[in-house]
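Taking it in order: structure first as structure tokens, then the write-up.
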Amino acid sequence: MRPAFRNAYFNLSRSLNPNPTKLSLPPFSLHTFPTFSTSLPPTFRTFRLTAETFRPLSPSRTCCSYSPMAEGEAHAPPTSFPSLEKQFEVFRVQLEDSGILREHIRAVVMEIESTTRLIHANLLLVHQSRPTPELLEKAKAQVGVLKDLYNKLAVVLSECPGQYYRYHGDWRSETQTVVSLLAFMHWLETGTLLLHSEAEEMLGLNNSEFGLDIEDYLVGICFMSNELPRYVVNQVTAGDYDCPRKVLKFLTDLHAAFRMLNLRNDFLRKKFDGMKYDLRRVEEVYYDVKIRGLATTSDAIGEQGIEGQS
Amino acid sequence: MRPAFRNAYFNLSRSLNPNPTKLSLPPFSLHTFPTFSTSLPPTFRTFRLTAETFRPLSPSRTCCSYSPMAEGEAHAPPTSFPSLEKQFEVFRVQLEDSGILREHIRAVVMEIESTTRLIHANLLLVHQSRPTPELLEKAKAQVGVLKDLYNKLAVVLSECPGQYYRYHGDWRSETQTVVSLLAFMHWLETGTLLLHSEAEEMLGLNNSEFGLDIEDYLVGICFMSNELPRYVVNQVTAGDYDCPRKVLKFLTDLHAAFRMLNLRNDFLRKKFDGMKYDLRRVEEVYYDVKIRGLATTSDAIGEQGIEGQS
Amino acid sequence: MRPAFRNAYFNLSRSLNPNPTKLSLPPFSLHTFPTFSTSLPPTFRTFRLTAETFRPLSPSRTCCSYSPMAEGEAHAPPTSFPSLEKQFEVFRVQLEDSGILREHIRAVVMEIESTTRLIHANLLLVHQSRPTPELLEKAKAQVGVLKDLYNKLAVVLSECPGQYYRYHGDWRSETQTVVSLLAFMHWLETGTLLLHSEAEEMLGLNNSEFGLDIEDYLVGICFMSNELPRYVVNQVTAGDYDCPRKVLKFLTDLHAAFRMLNLRNDFLRKKFDGMKYDLRRVEEVYYDVKIRGLATTSDAIGEQGIEGQS
Amino acid sequence: MRPAFRNAYFNLSRSLNPNPTKLSLPPFSLHTFPTFSTSLPPTFRTFRLTAETFRPLSPSRTCCSYSPMAEGEAHAPPTSFPSLEKQFEVFRVQLEDSGILREHIRAVVMEIESTTRLIHANLLLVHQSRPTPELLEKAKAQVGVLKDLYNKLAVVLSECPGQYYRYHGDWRSETQTVVSLLAFMHWLETGTLLLHSEAEEMLGLNNSEFGLDIEDYLVGICFMSNELPRYVVNQVTAGDYDCPRKVLKFLTDLHAAFRMLNLRNDFLRKKFDGMKYDLRRVEEVYYDVKIRGLATTSDAIGEQGIEGQS
């Protein structure tokens, strides 16, 4: 699928569709404005209607891909309307639609950020005492909210097929934080890394066209790694002398796995470089514990997660 | 189409899929490498082969979406391979594929940049003398080269449907320059603005999934505007006292058309702000010509272009 | 009126009200949420409802000034709830309310910006030809839209009495542009400066608690001044040799008036400094016209405005 | 209450109003100075007289809202005085009044800053030895001075109702420091967080229209947090091995409470981000003490404050 702006400007994109059965459907039947408005939560509908007060929308116009002017042009002699103005009118509509789409994205992202804050505040309690199932249960309850919000985001983006990366910057930072929290929760529960597929599963993205970008996932994992030295220090303080060993094993494997990657993304590379310091700090804590004879000699690390292991 | 990284991971997931019916489907039939190589122009095939010398590709592997591990895994028990390492191996392949794709893009973009430089050097001559058809003819000859290069780029990108905007930053700056040159040439010839559709036509993008981003087009037009004050000054110096009036009319219309747009893109907005100074400078030149009684009183601006008018 | 955050945290502010009749009214009867939602356009209502899905609002809670916790506290023993958490819960609600208010402001400001763009694009045409009544009529039609939008903004702000300057930064830049356009229109029509009171009248702010900040007005006037040299150049080019004299007189008076002010506001001072260059440029144009014997000797400047004078 | 600059201009506009029926109304009945001045506390009247030594004020002129010109004008024909000059004369007076108000604020803020420096210098001694009641007693004595100064500031601001946030930037930085010191003192004495209401109580702001901005309070609390790692290090050095545990508990609760807030204020968010490092540092000190078996096993943290606990 080519970028959606093409659709707007060139109604010939319709005829490019290789599937002939689609040509007999009313144009843009899947993405027409009415469908959009009814499938969206009330907030969006209203927002859309406000936008309409400034510019009437033809019923078959999709959010960011169709211009009524192009339609009209087919019936009017092209020479009657200066092409410069006509083109900029199309652009104006498209840029406005793109702006409206960004507002929709922004609204959902603000809700994601808000939910993330609740999960974070809750998870921070693991630094004070050992994580309890109730604490994780509370956090998990919010994951359902996140799932709904990512579904909302996927719906918004589904209006503009092929433009995931056009608007990616608008949700990537929040998504990285979401991954870090999900991964920390998962690690507390199972002692293992939350996989990309598992993160998508938790966020309900596995059946969707809207996926979790791999680099966002990796940055989120780096953020989780940053939390581990502090966790180890606090667990040792609380008397869990076996924690450093377990964390060290996990972090070493994780670091080695990252090492395999050819990271060209500057931000991800920088975050990964920070993981080295996390690893070093955990090693030092393990050393402190060992040299004082505080560590247990057990080496068995089961599947029951961190909280049940100590 | 969902982002292609999904393909990579999901192709893996497919083989991990407990549902055996999916395994009987021909794997990756739409994106297999053979199709890719046969559909490419000779030059590209060679490039591809070069890329292969770095990392052998299995015949059924697509450029940025397939991992051989997934294939092997279908026959091996999933528990025999730690999921952490397995996932990072998939990532490694994907990031490497993405890196290779970027190299392909980069190679084409360097050729575009090189061709653009030739056109630019040629077009600069209009500042010294009146533009002649030969001068434009030379520049136009290079446009054919550009067209081939954009076709190459489109082919490279066609491997990764829905990821136009993922790699967009890799060619956008050069494309903006290309647009500015094409638009300047077009204006010299016709006295009118090169439309977005005409720019796509010139670059052979009108039948392709790979389009010209509107903001890139608009930035290119701003760049062209930056060239006009200098052109006007030099034309007046060369004795063409009617040039300021014609350029002023063109630039005023263009500026007014831009004014209607809600520019949220910071770079584009900044470039547009610069157009105001171009306009002012041309107005000042027109003022100088007028106040000295040098301007002709003719008001007819035909369709025969700038070069034929003076 | 004290800052509204006081109301939220201290229900004692109610008892501070010197007007005893107000104490017998149901608390916050003027600013309760139901009133707010019914007096607002649909967009806001929906937005508010979305916010509610995260946090139930008590019926008597105002947008940014009341916390249900404070209420509950009156009935519950204060020692039963840790004061730290309680306080931060109040803050959380207040900061969220403040955020919602900012969203409301932002939505209106975006509409103001959009309307301003239309007026600007229309007014730019005066640089091409002499201003015609139709052109001004078109622009004036949009002023009605602006008036409605400022009324909307005033309604939003009326929810938070005494906090005009808390959120002032959220609309000040757009308002400065609005003033510059209104003042330019007014000058084109009457040849005189749009007064502060007239600007408020045009924006429907004269009967409202929500006024036009003087410094915003002054910055807007500076922006209008920046437009005048260009106007003069274009008018002379078009053959109106009397325009420089009239503009010069206007600008000289304006500059002299500004000179009287003790400007401590850095931005305003900088903008005013720019006015000196506008003045100088207009003087130069007037000089060019005079020295060539193009200026008329007429010195009468009537009340009929610029467009009717030449 | 509308911004006070409105009063100034609108009182003027009233007398400028060509509608003679308005002129027969008692002028300025709602905003006249006599009513205003009798409602002021005695201190302010004195302060007012001091201000007058700089610039004689007509008896009916308020600090930032009234121009004597308006009065005189009521008796003169409006056409005899050009509106442009008249308006700027009003502005001149208003900007001058605003400047004088800022000078008043500045004078008080400098005294606040001076008193704060004394308290700070005194409190710094807690890093060298254990805090003694005498040390806190000395600091508390200065709090009375601060209270008087904030009362002065409140009186100055009471002249301009609804403009708290217009001048807020003039005292916010100093107030943040004041809060940090008060909170540190309070914590040393009680081991608990100084609440917003308690801070206002200490500064005598609880019965005033002039309150303590919540974000200023929160920034002040962040500043206090920055002091704690140093305090802990010095206390452990001095042999108080139980201090880290107590501080850690306090800081963890504080950090978790902050986590719930949706911080849009960039400065506050940045300061809060710094709190994480304070927390981490205190955790590290606690870890050092624990791993060496130096920490006491006591877990009781009473209400008697930090100084009495060790």
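Letters A, B, C and D name the chains as they come in the text, with residue numbers starting at 1 for each one.
Methods note: a contact is a pair of C-beta atoms (placed from the backbone, for glycine too) under 8 Å apart; a residue touches a chain by one contact, two chains touch by 3 or more.
Source: prediction; values computed, not measured.
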Computed over C-alpha atoms, the centroid farthest from that of subunit D is that of chain B
Would you kindly state whether over half or under half of the residue numbers at the subunit B/subunit C interface are used by both copies, giving same or different? different
Would you kindly tell me how far, in whole Å, the mean C-alpha position of subunit C lies from that of subunit A? 37
Would you kindly tell me how far, in whole Å, the mean C-alpha position of subunit C lies from that of subunit B? 41
What is the distance in Å between the mean C-alpha positions of subunit B and subunit D? 55
So the centre of each chain is just the mean of its C-alpha atoms; given that, what is the distance between subunit C and subunit D in Å? 28
Multi-chain contacts in subunit D, i.e. residues touching at least two other chains, fall at 260, 262
Within the complex, subunit D is touched by subunit A residues 113-114, 117-118, 120-121, 124-125, 127-128, 230, 233-234, 236-237, 285, 288-289, 292, 294
Would you tell me which residues of subunit C are touching subunit D in their complex? 1-3, 5-6, 9-10, 12, 16, 83-85, 87-89, 91-92, 94-96, 98-99, 102, 161-166, 168, 192-193, 195-197, 206, 208-211, 213-214, 218, 253-254, 257-258, 260-264
Provide the residue numbers of subunit B that touch subunit C in the complex, in ascending order. 249, 252, 255-256, 259-260, 262, 280, 283-284, 286-287, 290-291
